[in-house]
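What follows is a pair of complexes built around chain A, which joins chain B in one and chain C in the other.
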Partner chain A sequence: MTPLASVKFDDDRRDYAPGDSLSGRLEVTTMPHADAVVVKAEFSVLWYTEGKGDQDIGVVHLERLWENRSQPAGEHHFSVRLPLLPLTYHGHLLKIHWLARLRLDLRPGQDVLVDEPFNVLAGD
Partner chain B sequence: MSPSTCWQGIEEGRRKPVALSPKVVPLSPARSTNAALGAGAPHNPFASARVQPGALPFLLPTGQPATHLFREFCELGSRAQVLGPHGSGKSTLLHHLAAEARRSGWRVAWAQQGKASEALPSGRQQRLVVVDGAEQWSARTWRRLESRCARTDSRLLAATHADLGWPTLWHATVTVETAQQVVAHLLRDEATPLPSETHLRTLVEQHNGNLRLALFALYDWFEQRRQSKTPDT
Partner chain C sequence: MVSRSRFFSPRLTVGNRPGASASPGCMTLFFGVFLLFGLGFLGFFGYQAWKEVRVRTVYRETTCVILNKRLKENSDSDGTTYAPEFTFRYTVDGRDYTCTGYDSFGATSSGRQGKLRVLAEYEIGGAYPCWYDPDDPERAVLVRKVSWMYAFGLIPLVFVGIGLGGVVWGVRNLGKSPEEQSASRAPAKGGALQPDWTQVLPPVKVVPGQFLAKRLQRGTSQGCELGGLLLFSLFWNGIVSVFVWHVVQEWQSGHRPYFLTLFMTPFLLVGVACALWLIRQLLVAGGVKETLVEIEREPVRPGETVSLRFAQPGPLSLYGLSARLICEEKISYTRGTDTYHESHVCEDRELFQMPAMQVPAGSSWDQTVSLTLPDDAMHSFHAGHNDLVWKIVVKGEIKKWPDFEHAFPFRVVTPKARRELE
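Then we have the complex of A and B:
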């Protein structure tokens, strides 16, 4: 499948400490079809839980990028200060994951999501 | 590790991510290769977010999607029920039918206990009101909802443990074959071998046909298998 959008972290980094700056760039290179319009584009950084219980989500950054564009928007740089908690965690009953998400609301057609995971780890 | 990028779609109107690529699933992204977390940090395919109603497709015992059921619902009249015990797939079927209705241009609303008056979808299209857990509703609440649905020509679809006396669209039951289909679907992107038929049969019987509880048990099974493969550090 040809990638049309991406989220890339600076230095291809995946591991961050609490309070670090999560930085990188968003790219929208091509549109899925000729008459597609990005009604809304949003970038978010969030954590979510996974396990046997109800899923919980925390959005620590939400940024509206652009609206009503019919041409690829090119590159957009981001820099988000990560909170101190929660840390990435992988237990038996509960896991906590972090990811950066680019959401494109397309018309006509369906919304698309590009998720890039990363870790928030306590220092030594 | 190079960034994993792909298109992922969301069912229009439901705002619920649906994976188009088998490599990355919304809210369950590609594996981390952080050494501190071991050799990757895969997700558990039996986590609640993956097995809850709406997350799983409704599969017939044959493994085929139930595309004909919406058509049958349309022919049943103003109301129909999905009947079955706990954990038999009723809510999953409701989500499937609601999605089919939206794709057909219907307006769909989910009615909550005590909020029948707010349940009716607006608009001039064909309207559907979905009720999950219908046996929990009081007779008074039902009368109010049915009255409003009749006035607005809205159809009713209810999931229930107890027979409401409505036409039955589907009688949900859980067999070992059903469990096999669901588990195969959940493990489709995993290298983990499927649990044996004997194992699944034991789980289904232990939980009295409640597939939801059987899937929770498989959550532990999956974690234990993964931990047994993790080398000591």
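Then we have the complex of A and C:
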């Protein structure tokens, strides 16, 4: 059993323009077992490359939410100003994706990632 | 409930993917081995250097008599190495000592003839200067010289440098998530990040133009290209020549090192090809004045039309001159210890194609063309292993001279990004 965690964007938007504000909320509702502790919870907004090339990653926002919590259940609101570049791209050898990521570092247990993808598209 | 496409389903993953990078703990261990290996070898060379210093500062000079001499040989699968070896007798405080050796390093190396020449310099029964250790008179050397073998001491320095860098990186990133590791490379501001989005644009060199606003510069400058080629050629051929010299000596001394000769042949061919390519590039650089490419605006936005002006100074006799607009995805990936590069051309458009012509000395051939980028053109992108490059490629076919092909990169950005850049 994994913790039920989610990343939700306001208005369920998926397409954003460069410079837009990306806002929403994070939720952690259940822990996998009673003695599990969230050593670290991080929220990040990042782009990453996908394709044949080695992966590149660019983090544009990083927040440490909680540390060493046995009951981290709760909500957290976020609002991030997106940079002007790069845009989402689907090429032949190279793809650029954007996502909002909640990372829970659990003890005992492995990291849990909740990824919510979105697009950054040319808006003008 | 709002329905979502499969792509937009929230992804919940246990583990480190996607976006994972090498674990700092593993990297620390890996580079720690590098560091230890390098330090071990550095320690060996340091010990040898310390012995050398003692020979020069502590050892005392005396006279010895050569009792015997021989060519010391060490053979293994890589061939045979040699060293001159003497047995000599000397007297310290009224007591006779007999020592075997030559210099303080005591290593064997290739080059049989050179060692034979050293042996010939000394005659059995002859008296020669030697130096002994006053703390341990049984130790002595016939010569005080710095061995060229110390040059190999530079190799462990590379291991130490790489190992130390890796260990420091690993220790600094212990306990950090891949996102935090990546974010630590961007400027931080109050916990949240304000990364510089211009970092994802390729570095493009642009100077003010004479006829249009900006003059594009070649992606790799001629000096850098030739310098890099020269350095690589010297480095490669320098190393290969040592082994080739060894093979030649083996053949001259009557040995038949067939395997080593066969093994060295491809390395020698690469060296020759590299030297020939260097000569070719020197001919191009020396015989052709660089094409000048000027652009009305830079960076350019998708859908925009800009003027481009090309100028080719003379004297030059051309079979043809052409220019193309190229958009290229370039990636690199690592498999084991090898790095591979691949590219894919997304846009390839001819800007002009000139037939054979003569450009007299002191004059210049000029051409102005109009360039319209596609409305849906992707912006330029630059990251560690992935790039999207827009460039103008000029190709010239020269009569009785090597052809040239020069790339002039420029940036394509979104309208909003350009407003910010301006």
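Criterion: the second predicted complex is superposed on the first by the 119 of 124 C-alpha atoms of A that agree within 3 Å, B and C clash if a C-alpha of one lies under 4 Å from a C-alpha of the other, contacts with A are read in each partner's own complex, and residues count from 1 in each chain.
One rule holds for everything that comes next: a contact is a pair of C-beta atoms (placed from the backbone, for glycine too) under 8 Å apart; a residue touches a chain by one contact, two chains touch by 3 or more.
All of these numbers come straight from a predicted model, not from anything done at the bench.
Once the two complexes are laid over each other on the shared chain, residue contacts for A:5 go to chain B and to chain C alike. Residue contacts after overlaying the shared chain place A:77 against neither chain B nor chain C. In the superposed model, A:117 lies in contact with both chain B and chain C. After overlaying the two complexes on the shared chain, residue contacts for A:14 are found with chain B and with chain C alike.
In the superposition on chain A, A:51 makes contact with both chain B and chain C. Contacts of A:60 after superposition on the shared chain: chain C is touched, whereas chain B is not. With both complexes placed on chain A, chain A has more residues touched by C than by the other of chain B and chain C. Across the two superposed structures, the residue set of chain A contacted by chain B and also by chain C is 5-7, 12, 14, 48, 50-55, 92, 110-118. Residue ranges on chain B touching chain A, taken from their complex, read 1-12, 15, 17, 20-21, 24, 26-30, 32-34, 36-38, 41, 43-44, 47-49, 216, 219-220, 223, 227. Contact residues on chain A toward chain C in their complex (touch as defined above): 2, 5-7, 12, 14, 17-19, 40, 42, 44, 46, 48-64, 80, 83-87, 89, 91-94, 96, 101, 103, 105, 110-118, 122-124. Chain C makes touch with chain A in their complex at residues 2, 7-8, 10-19, 21, 177-180, 182-183, 186, 191-193, 195, 197-201, 302, 329-334, 342-344, 346, 378-379, 381, 383-386, 388, 413-417, 420. Of all the residues in chain A, the ones that touch chain B in their complex are 1, 3-9, 12, 14-15, 32, 48, 50-55, 88, 90, 92, 95, 97, 99, 110-119, 121.
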